[in-house]
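Next up, some structures in structure tokens.
After this come two complexes, each holding chain A, first together with chain B and then together with chain C.
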Partner chain A sequence: MGEEGQGLKYVGKNLPIHDGAAKVRGRIKYTGDLALEGMLIAKLLFSPLPHAKILSIDAKAALAIPGVIGVYTHENTPKTHYNSQVWFDGQEAMTLEDERIFTDTVRFVGDKVAAVLAVDERTAQEALGLIKVEYEALPFNVDPEKAFDNVVSIHPVQEPFFTKEFHCGNSDEVFEQAEIIVEDRVETPKVHHAAMEPHVCIAVPDHNGKITILTPCQIMYSVRLTVAKVLGLPFNKVRVIKTPMGGSFGGKQEVILEPLCAYLAQSSEKPVKLELNRKECIISTRTRTKVIGVVKTAVDGRGKILARDFQVIADTGAYTSNGAAIVSAMGKKLFRLYRVDNQRYQGRAVHTNTTVAGACRGYGTPQIMAISELNIDSTARRLGMDPLEFRVKNLVQPQDSDLSGGPSLGDARVIECALEGAKAFEWSEKRAREPLVGRYKRGVGMACSTHGNGYYGAFQDFVTMTLRMLEDGSMILLSGLHELGCGTITSTKQIIAEVMDMDPDRIEMSEGDTETSPYDIGSQASRVMHVCGAAALKIAQSVKGLFRSQAAFIFKCSPEDVVMCDEMTWSIKEPDKRLTYGEIARTVQRQHQLELIITETYRATDNPGSYGANFVEVEVDTLTGLIKVLDVVAAFDVGKAINPDFVKGQIYGGIQMGVGFALTEDIKIDPLTGIVKSDSFANYHIVNAPDMPPMRVILIEKGENDGPYGAKSIGEIATCAIAPAIVSAVNHALGTNLTVLPLTPERILMGLLPQKK
Partner chain B sequence: MVLEMTVNGKAIKVEVNPNARLLDVLRENLGLTGAKEGCSGEGECGACTVIMDGKAVNSCLVLALQARGKEIITIEGLESNGELDRLQQAFIDQGAIQCGYCTPGMIMAAKALLMGNPHPSEAEIRLGIAGNLCRCTGYLKIISAIQEVAGTNLRKGGQDDDGV
Partner chain C sequence: MTEYNGYSFFGPSTLKELLEEVALFDGSIAFLAGGTDLIIELKKGKKKPHLVIDVSQIPELNGVHEENGFLHIGSATTFSQLARHPLIVEKGLCLAQAARKIGSEQIRNRGTLGGNIASASPAGDCLPVLLVLEAMITLQNPDGVRRLPLSQVLQGSGRTCLTPNELITGIDFPVLDGGYVSGFEKLGSRTAVTVAKLNLAAVIKVDQENHSITEARIAVGALGETAFRLPDLEQNLVGEINPFLLHLFEDMLTETVDNAISGRYSHPYKREAIRGLAEDMFVNLFGASSVPGGRTHG
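Up next, the complex of A and B:
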């Protein structure tokens, strides 16, 4: 594929998002905006303690309030165990199933204790306050490093509950002989996804025992799987409809509210809405995984990396969730960015009595890149080498293989990202500048990153789609696509429109509905544009083939002679006899009793890396410790931008998250009480408009992979290099080696203390 | 209690609970769900922004009864005769929308800004939407969309401006 931009009519163009008008008019209905007839409201009671046995729950007073339908606890709900991140039947065997709708032992502040179901929110809220719970407090631990002592037992497993190793070559031997070894310890925080739409779901029972779930989800088949399991229903009695998504970033990827909401609907035989507020989202849903990494790099005097070693701890919080998967995901990335012949990664996952971690934009990559890149920086510093030069010497090159055994890196153009980005940023000039004297210091830094394109090489990665042409020439694609606000639907329309040579607005695409959509593994693993986009391209080509063979009958020519252009078609031999696409579709129906429809399954065939290099300039106020990001240049190898504006939109948004990850965002937990201290936007700071730096984006579009027109992923990698680039710039400004994120003013001032002495 | 106010040009009379918030009345009593609640009503996210007597307010922080006799404009009231307001169109054209959850609040904040200052500089625009959080876009295209409209105003007014 990998065609150049020339000659393309729709691909590579900046079409606006398909539901933009509905969004600017305030007409689009998110799940929270829906009010169904007879709908009940559920509110949750959360644990105030980080670890405790529930001795008794007294709901009498709550139940006595008029309008309260029921109070639900571990005593009257299913005891089925599940794992919220399981997305295919059979995956359970690879992970711990330690969650339940309600538990008899709470394991973090924010764990679910009970639900009140009532006719309206006010009644539910009032009743919640009347539930009396008696707890027996248990010892707790919020420190992932202390988890290794196994003093506090959160689950009946030994900590770490999961260990994964990847290696290549013989790093032990190299480290023994190496003269220069640079070691760092890097820490990254738990982060709130902060999708502006809080977590919400509605479940609707019907008269035949079927439950329909309306949910802004990322993997509808995962929701179906877990809900069916918990409710004991066959899969075809659980219908999941993906509703408009008010932001997710992985936060709504796991099955969090749906099993409970579905159960409440099933038992009350009424539609039920369950919606969390911001505080509840922060303390009780999912977070980015906190990670602590110790990394060592051995180099020779000329700046060639000889070996690297990573010891990484992932804090998955109180329930297992994706704790095992993320440890593996982080390790794999390390073998896909630098050419290191001898490398070992050991990742371990532990439980703590804290909010559960889960998928979060990048799935471990922002964490492992922070660990790796900050150490690359300090290694360059030790060598007295420019960090750009040091990286370029060691970065992977196109068609390199993954030494840990993963799929080929493909046309990996990270060096191009680094060099082009450096040029636009004026890296050498800025790096060589004289330092400022006085209170304000300036510095520049950079970091690189890689991320994947689907599950090929790890899990099944396929998608089925049905594409049909209607009698007026318009088209419908049936698929399990999940639009998350990134422009998936519009981009997919652009691909089909390109193949069919027709206006993208004439193509309709419904989103995921497990009753009508063919199977799709969901919007995860940075797979959507690369894999589902390729599926759309393939199926459009198949329908085009069918169309041309049928048109050939009508024009009495060979299929190769059939020309298709702007919904008009003709034979090259008789250019004057033109028919519309609709006329062909109608004629085919009449004469051949045939519909122009094809269902096809596409299987991913590659998993190249996406790549990026980010450059940052910062100003640090050494008096207050406050940091201002002054400039960002972000270069990404995306293969091909199907819609460059969408790609840039992902990058700008990814940088917003990354600036927060580097400087302000941290779900702080009080070690004495286990309580989340940053439980609202008043004390959990995400970057707002005045604090966003100017951003310049460079796209490297060289195609050369199996994605549609050579497209690779961008949404996740967009947030993976920015934080270490910022930290690197701060270290450059201050002459420090700060490695604990976020760089709060207190940490900056502490970091400057040794210099003041 | 009875609340009388003007919403999107229409006189409204509704029975409200004394501690109901303007946001609740708009969403629940009037079915105007464009304004969202993004932060538990703490005035920290701006998703609930509407215009009250020409000023942007967080409708989660306004008691419904405080709106008595006031003129409220919500996102639903921006278009006229089926035509989008220029800000709405600019948000579409500039790609200022991703998930769209912040969009109604963002547009209303921008609208109030432009009503008071038709030619804001870039810094003034950033400040004007400082209370509106967006997790998707990184704000850049939102700022461009507002600048586009400020620029259109400007061309009509025929004066120069520092921010555009």
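Up next, the complex of A and C:
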């Protein structure tokens, strides 16, 4: 979808991000930087035990400290149950509501026990230490596989609490007859999002019973929904304003702090700030879901996949959160990457007494791709086939259908990604190289991935926008966009500027505010550029149509004769009589008493796959187990890059997260105590600059979908193929079949022990 | 003196001023050098001193000089200074190498050698180095001066022999002349900004003519509460340099790990990984040709 014919002026260009300079200069006020008059500070007390009944809470000493306004626990806060991932009214049916502001039974180390509300942070912190809690310890379980025994009961449900099956063909029959079956068990860790900005929000009550919440969120209407529910307020008494985002990666997609913060503001009748520190973010907010998958692939001797079977366990932690949704999301991806006529996926979700899992960049795709791709790799190995050749033989092709019944894959160009990437990487040459002798081993590996473009085919996916032209020709877009730092605002300006033929800087865009923005589903499901971008394109075309018809009146010509170029407009019949856009807008107001403004709802009409293939070279130190990623080539089918530098930025960042997922990042939980051992950046290692490899990006831009100018998503898929590609390269280097992530030095050396003996 | 966050703060510009204040002050004192550990402890409330004294602006505690065959280092000298100081690079190279591998650029710009000793981390990177340099540590309080070997200063994880009103003022060690080579190697979980899982320091005296080692000093860190020397290993290294030396070095280091941390979770990994450090150390001290197959690492 796009403007017909002519070359593009703004789309496809590398404009800088609209607030980048302000961020670099420290001019942006993040939520944590805000101080409102009379604002109180809340601090949280977290459970030290993985599972316990709270017998009593003695807050007398805390309350006696001057400056302490109140202590809040399960005894004096709403008992309303909710699920933090619910984002539209009516979604409750598919998920368990098992969270409360404060619980009377703690279910993981880091569960919220109490809050102190005080005049400043120091007072709150001091009071926190004086709260005495008496617990009755309960049996606990941190192992998702053991959850199936149902020995430890975390919630009044049987584990697994959710099972989802997708299938096509008849895999059982094929497996019975197949000669070659390759099976693997793959494990992926709980991971911290590691956004620079911690979780934070501010709630402000007004004199009319309305609560305004300032929060760096991804889905403001989800915040509104849950806060209104917990506080018992009508929706129009909860105003959510999306503040500048200091990093989310899905970590701020769910409603975590807002209900409590809003309640404290309502109860104290004062503005309240609630901000977590790093340790609190790691142990008590959300993590990437830990997943264990057993996968079987049946192939014929020539490398055609006959059938696949996936048995997957998702560990959602102590509360349900998105445990059901992610199990479904993972399964769907498997029917959109390889042509497999007979395939079954069975995913099951369980609770454990660990930090709650939730949305995290890729929403299960990095996990399921690790499971799938590592098994594709070992299947190729069993066949003695080059893993690239094996993949190309089986990958989906443009316009293939989703055999599980999902939307068409669209112009799926994963084979092109694989072949172009392989060429740039010099895959065949590197693969054929003689192995190094001695301490350091080198290997190359690859992996592919797909991810979606919105909710079309699963949920409602629509967006309403209002676009207006002001009397000086500048424009304002009113929408519920949530800029997460990816370039949403600038890219959307580029699209509107392209349609209107005007400088993108002359277009202003506010972000989400539930009181003034039209409805938007939020920044989730990799939908923003494909769906909201298309909405922006459509509405710009509508405003352009209105503009032309009005200009036609003024020029006394037909609308088709109106030319618009760089904020100047004229009739093709009278090229010398030129007016600015502003002159048209003013004249229209004066003569026709009309504003150039349109409000429109756009409904998504497709959900093609985005695709990627990543190639990696690694060097493994066989004595210390340390791995160095030497080279990465990342090829992605993004349809069209509205702003190629933003797209590359997403890919670089996605690779950085994926290297950590593959090699270092792991929220380690002590099985004896349930305590998170890696609770700071001193012992939870994200990959830093010295360990980042050079990265080469290849973009396949063939459009052919309903996104704006053919744009498809990149933000999430960017991190979905890199980890299995790295693990595959390590296995190639060492001749191992390591499948438990992350590949820590310890796991490498233990994996090499059989060879050493 | 300014009241600051629950404790008083004092920033003297001479050691005399500092000692006078210490003598007069009635209450607990924390000495602030780079603050890379202390500030965090203060913020977390792990330490609650009545008075914080900043030692970083005292010229006597800063810098490196050579005197009578010894290198003298002020306790508040930063890792960044040590890493590139010509005297350290020439006559105590292993210390420069350790200083380069500590923390991040920002940590190295703030963190000090005295602080590394006072923090007494089991993984402190300069500690095995100071052991093999046979460094003496000068401690002062208003009552006087003590000069002790590092092994006596370090008493355990986070524990030293310092009395509550005592601070480290200087570090000294005999210069390594041309007959010596020295080195430091570290293994963390990533290339930079990492706490050592293992660290290893060596000072070796080589008799080039007879192709032999006449003196060896080896120390390891992160294998117990404090870094320690390996006297048996040192003796075994003395003698003619032969092709089996590296293997002996590796085996004895593995044995050291076995003796130090058997039964610990990290034991199986460290007993293998220390062999990598041993190889790195040989390359560092004797060049790439000293390990089998040379060094293929890019």
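Just so it is clear, the second predicted complex is superposed on the first by the 752 of 757 C-alpha atoms of A that agree within 3 Å, B and C clash if a C-alpha of one lies under 4 Å from a C-alpha of the other, contacts with A are read in each partner's own complex, and residues count from 1 in each chain.
Basically, a residue touches a chain if its C-beta (ideal position, glycine included) is under 8 Å from a C-beta of that chain, and two chains touch if they have at least 3 such contacts.
Just so we're clear, the structure is a prediction, and the values are computed from it rather than from any experiment.
In the superposition on chain A, contact of A:Ala194 is made with chain B only, not with chain C.
Legend: residue contacts after superposition of the two complexes on their common chain; A:Val437 is shown touching chain C, with no touch to chain B.
In the superposed model, A:Val151 lies in contact with neither chain B nor chain C. In the superposed model, A:Pro745 makes contact with chain C only, not with chain B.
When the shared chain is aligned, chain C comes close enough to touch A:Gly625, but chain B does not.
Once the two complexes are laid over each other on the shared chain, residue contacts for A:Ala137 go to neither chain B nor chain C.
More residues of chain A are touched by B (comparison of chain B with chain C).
Look at A:Thr664: by the touch rule set out above, it reaches chain C but stays clear of chain B. Of the two partner chains, neither chain B nor chain C is touched by A:Leu594. Residue contacts after overlaying the shared chain place A:Pro690 against chain B and chain C alike. Taken together, the two structures place residues 682, 688, 690 of chain A in contact with chain B in one case and with chain C in the other. The touching residues of chain B, counted against chain A in their complex, run 27-28, 32-40, 42, 44-45, 47, 74-76, 78-79, 84, 88-89, 91-93, 95, 97-104, 107, 123, 125-127, 129-143. Remark: chain A residues 14, 16-17, 19-30, 32-33, 35, 193-198, 244-249, 277-279, 484-487, 645-646, 648-649, 651-657, 680-682, 686, 688-690, 692, 695 touch chain B in the complex.
Of all the residues in chain C, the ones that touch chain A in their complex are 45, 187, 189-195, 266, 268-269, 272-273, 275-277, 279, 291-293, 296-298.
Chain A meets chain C in the complex at residues 125, 436-440, 619, 621, 623-626, 628, 630, 664, 682-683, 685, 687-688, 690-691, 744-746, 749-750.
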